[in-house]
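Paired with chain B in one complex and with chain C in the other, chain A is shared by the two complexes that follow.
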Partner chain A sequence: MIGAGALRGRAPAALLFGAFALAPVVVRDAFFLDSLVLILMWGALSGAWNIAGGYAGQVSLGHAAFFGIGAYSAALLGTRWALSPWLGLAAGAVVSVLAGCVLGYLSNRLKGPYFALATIAFAQVLLIVASRWRGFTQGSEGIPVPFRPGLWTLGVDRRGWLYLALGLALTVYLVEVYLESSRIGYQLAGVREDEDAAEALGIATRRLRVWSISASAALTAVGGALWAQYVGFVDPFYVFSIDLSIRFALNAIIGGLATALGPFLGSLLITTLETSLRATFAGVRAGFTGVYLIVYGCLLIVVVRFAPDGLSGLAARRGRRDSSRARA
Partner chain B sequence: MLALEGVTKRFGGLTAVRGVDLRVERGDLVGVIGPNGAGKTTLFNLIAGFQRPDAGHVRLDGVDLAGQEPHTICRRGLTRTFQIVKPFGNLSVEDNVMIGALTRVASVRRARREAAAVLEACGLGPFRATRARALPIGLRKRLEVARALATGPRLLLLDEVLAGLNPAELGPMLDLIRRLHAEGLTLLVIEHIMAAIMRLAQRIVVLHHGEKIAEDVPAGIARDPRVIDAYLGEEFVLAPA
Partner chain C sequence: MQALPQLVVSSLLLGGIYALIAVGLTLIFGVMRVVNFAHGEFLMLGMYLAFWAFTLWGLDPYVTLVVEVPLFFAAGLLTYALVVRGVIGASHNVQIFTTVGLSIVLQNLALVAWTGDFRFVRPWEASVVLHAGTAAFNVSQLIACAVAGVLTAGLVAFMKWTHTGRVMRATAQDRDAATLMGIDTDRVYRLTWAMGTAAVGAAGVLVAPLYSVYPTAGLQFVLLAYVVVVLGGLGDMLGALAGSLVVAAVEVAGSYLFGTAWKEVLYFVLFIAVLVLRPAGLFGQRGAEMLGA
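Up next, the complex of A and B:
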């Protein structure tokens, strides 16, 4: 499926993921391992967002909808019917594909900012449903997810979680690599760059757009299900929040839209900043917990100004400059 | 090959195309001319499936194209270019053309090979690695043609590919169109540059206010009083080929 050519020039990714894989062997510190798990999870979720938002150019600000669907599927199946979170994960992915088709259909009618607004509304509707439907979702109280030891019940220690998160991250990364080297990936790029031209050249633009949003939704739901199990609590106001949707988009934008490694670089930077800022300021005064949001904003301004193609774009440009210098 | 019967398109109170009949046979090179706003581009939109006619039929090889989407029509062998070129700006010239080829071949590697051949044929070989948005307009027009060619059309619709070209670029583009025609491609060409289309086309259709007011060989068109009134002006004399 992925040819050898597609893997050329992927050394930075191999290095990054390799370092994550080796980390638990060297480090035992719980806080550090927790940070690594979160970096991988948010990176994978931004990578999932990148499939629709980056490669296909369908910028969604409502991907928390799919994250929430995944989280609730795993939590509800686990608590109500004592089913394995793996089944919840699969169910969440299926429901999200259906929801993704709805959103994909919307994307055929609404373009650009209007589509983004529709996605926000979509996540908000799910938030209202989840927080009001007390009988089924326990409303705004949220759902505590019980810890049951074992791999089938996803009750594993932090090192286990690191490898689960790494597995998700690698899956998403390989899907992205596939999109950079396959027929469907090139056709998606055509849809992103100019829909009319793509359509005129024989590309079924509507179907491809729905496909990209559904694939992105399914992977986001898988991430949501794993996250719910890792954190152990599903709060509707968090899992369906616009903050979360923006986080997915922001990591990808800062790291580099439509680049395979970009979302992971973005997550590495943002998640590290966030956890360290929170750790630093939370102790000082309760009012400082939001400081990381200010840093977020400043960072975004800096990136848009100095590295409009994101971190990976910056690296690529530097590489080009070096090689041209070498020639000179 | 292509047959239009009474094709009509209205936008509110304005009838952009009114009752147009047109036949293009295999191997034809037909020109479409007319003043600005005559409905030329709307006619292309109707043929290629970007807009639906309010009345009349468009048939390709006898099959009614009503309700078919542009990508299906492209796969049936009819590809169009756009007057205002629409390159995939952030992609390389080669990738642009390859995306066209991927409509026909599933393998990326084969599509890349075919793209390379099309790029050579269109004189874009030296620019294959250039980002499409960095090309000057003349080469963008050529890219527009190359990308359409890569889809392997039997009938190619060119929408003002000569407009905006400088005299040095005009010659190679005309040569390219002639060569494609000589190789057996059927072409329907909208053009504004009279001297060029008069020498290029075997037959010319003149649109005016959405209606077909004339269809003839170039020499006949140049003499047609209705065409002269509507479009050419009295001074126009057919340039010797």
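Up next, the complex of A and C:
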């Protein structure tokens, strides 16, 4: 699967994830741990988005659809049939793979902006269904997810959550590493860079695209299910929102598209920014929670314009410059 | 079929408004090949302009329109210079995320400045109901549709018969050839963006009395406008006009048959179906949807 070569140059990642793993041993502060859990979760979700949006070049603005499917699966199975969120998580992943196949089919017929628009419409349809189908989803009221202590019911403390989120983050990270160093990863890069050439070389471009979107969808649903259990409430207008879809893409773009660590770096920056700006402005005036989103939007405009390879790209450029200087 | 006259009248009135929203978008999409995700935010800002002019100075939205056009034209020039100009030749992804970023910024500026409260503009004409046979509608709807119709027709005529319009169409057809003919494409794009912005801002002012005003009000309209634009064929203004009537008819008939709660599902499904089955639009030729560089 992942050879030794694939792990070369992964020291920053080992350092980052190692620090997260050790944090609960050192710090007990609930607010701080909560921030770490969120950084890991949003990082993992952006990493999942990165599989389709970065590695396969299928920019989706509707990934909230899969997140919502995961969140609702966990919440509905938990509240209606008192089943474990682990089962909800699995069910969400399966449903998302099916939905991912639908989007994958669309991606084979639609290019660039059309695909992005179709994914928005796709998530909007699910949002409307979830918020109007009162008999099944409780409509726009949303679903409170009960806290039931125990690992099987995912009722664990913050430290437990940190390791759960870390597990998800590592899983996503390893999938990304696999995509950077395996045959299938190179094929995906071929599809992204020049589809005609890839097809001429005998790569099954259509199947690959469906595969990448489905894998991305399944991981996003798993993240959604865990998130629902962590936060304890599923609100259709949040879990299916376009804002959420943009957030997944934003972390990955700011960190570096189609890089394994990029989404996590993006999440580290954005989530920290969000938490601190929220804490600063929350008391001032109700509307000021929007301030961090203004910063967010400006950052997005500036990054895609001046640093399209994101933080990882900047680091790589600096690294090259240093090494060339060392040689000279 | 007692309801038929009402359905027809409602579709026509709604279609006129959708046309004005979509015409600005199809102009930008067609000439500049930029997918503008911030289009709905300018609509929202137009709605707020109508709201504040009405609340603070008692100005009727149709008076506000006179101020709106130059104001939004200038706002268009400004956003073009600051944000759009740098990504004109860039990849679709860069353009998508740039306009998404612009949309986030505008939405949240509105949220911070004016809070997320739902606001209402209710001038006197919004409560005057007219009857035509068995169909009923209010004066605001009629004025919005009529003014939108005039503005849309004006834009179409501008594109067809003026020199600048011809230059814009030439740039839309083939940017390189246009440049070789000595056309200043940067100027064309600047003008296109500003005109599209002014048009959608006008639509915002006109619909303010009909819908509630809030920071994310633009989203539903922008998605709808894309449905219209794709249906009508990219950059095709008359197509957009026809597309908006189709979408309005689907919406009105859908609300009548399934209830208003589900009408949006109907046009998103229609949207995806059109994208998949007829990506060149209802009347377009196959291949016309390919976005040239």
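Keep this in mind: the second predicted complex is superposed on the first by the 326 of 328 C-alpha atoms of A that agree within 3 Å, B and C clash if a C-alpha of one lies under 4 Å from a C-alpha of the other, contacts with A are read in each partner's own complex, and residues count from 1 in each chain.
Everything below uses one rule, namely that a contact is a pair of C-beta atoms (placed from the backbone, for glycine too) under 8 Å apart; a residue touches a chain by one contact, two chains touch by 3 or more.
These figures come from a predicted structure and were not determined experimentally.
Visitor: Considering only the touch criterion stated at the top, classify A:Phe122 as touching first (chain B), second (chain C), both, or neither.
Guide: Touch partner of A:Phe122: chain C, not chain B.
Visitor: Return first, second, both or neither, reflecting whether A:Ile242 touches chain B, chain C, both chains, or no partner chain.
Guide: A:Ile242 sits against chain C, while chain B stays out of touch.
Visitor: Applying the touch criterion given at the start, work out whether A:Thr205 contacts chain B, chain C, both or neither, answering first, second, both or neither.
Guide: first
Visitor: Thinking of the overlay built on chain A, is A:Arg183 touched by chain B (first), by chain C (second), by both, or by neither?
Guide: Once the two structures are laid over each other on A, A:Arg183 reaches chain B alone.
Visitor: Compare chain B and chain C by how many residues of chain A each one touches, and report the one with more.
Guide: Result: the larger residue contact count on chain A belongs to C.
Visitor: After superposition on the shared chain, which partner residues are touched by A:Gly43: those of chain B (first), chain C (second), both, or neither?
Guide: Neither partner.
Visitor: Touching A:Gly313 in the superposition: chain B (first), chain C (second), both, neither?
Guide: In the superposition, A:Gly313 contacts neither chain B nor chain C.
Visitor: For A:Glu193 in the superposed arrangement: first (chain B), second (chain C), both or neither?
Guide: first
Visitor: Contact-wise, after the overlay, does A:Lys111 reach chain B, chain C, both or neither (first, second, both, neither)?
Guide: In the superposition, A:Lys111 contacts chain C only.
Visitor: Hey, what residues of chain A end up touching chain B and chain C alike?
Guide: none
Visitor: For the complex, which residues does chain C have touching chain A?
Guide: Against chain A, chain C makes touches at 35, 83, 86-87, 92-98, 100-105, 107-109, 111-116, 215, 219, 223, 226, 230, 261-262, 264-265, 268-269, 271-272, 275-276, 279, 289-291.
Visitor: For the complex, give me every residue of chain A touching chain B.
Guide: For chain A paired with chain B, touching residues are 3, 181-183, 186-187, 189-190, 193-194, 196-206.
Visitor: Show me the residue ranges of chain A that touch chain C in the complex, using the header's touch definition.
Guide: Of all residues in chain A, those touching chain C are 59, 61, 106, 109-114, 116-118, 120-122, 124-125, 128-129, 132, 242, 246, 249, 253, 286-288, 290-291, 293-294, 296-301, 304-305, 308.
Visitor: If we count contacts the way the header does, which residues on chain B are in touch with chain A in the complex?
Guide: 48, 50, 69-71, 74-75, 79-82, 86-91, 95, 98-100, 102-104, 106-109, 111, 147-148, 150-151
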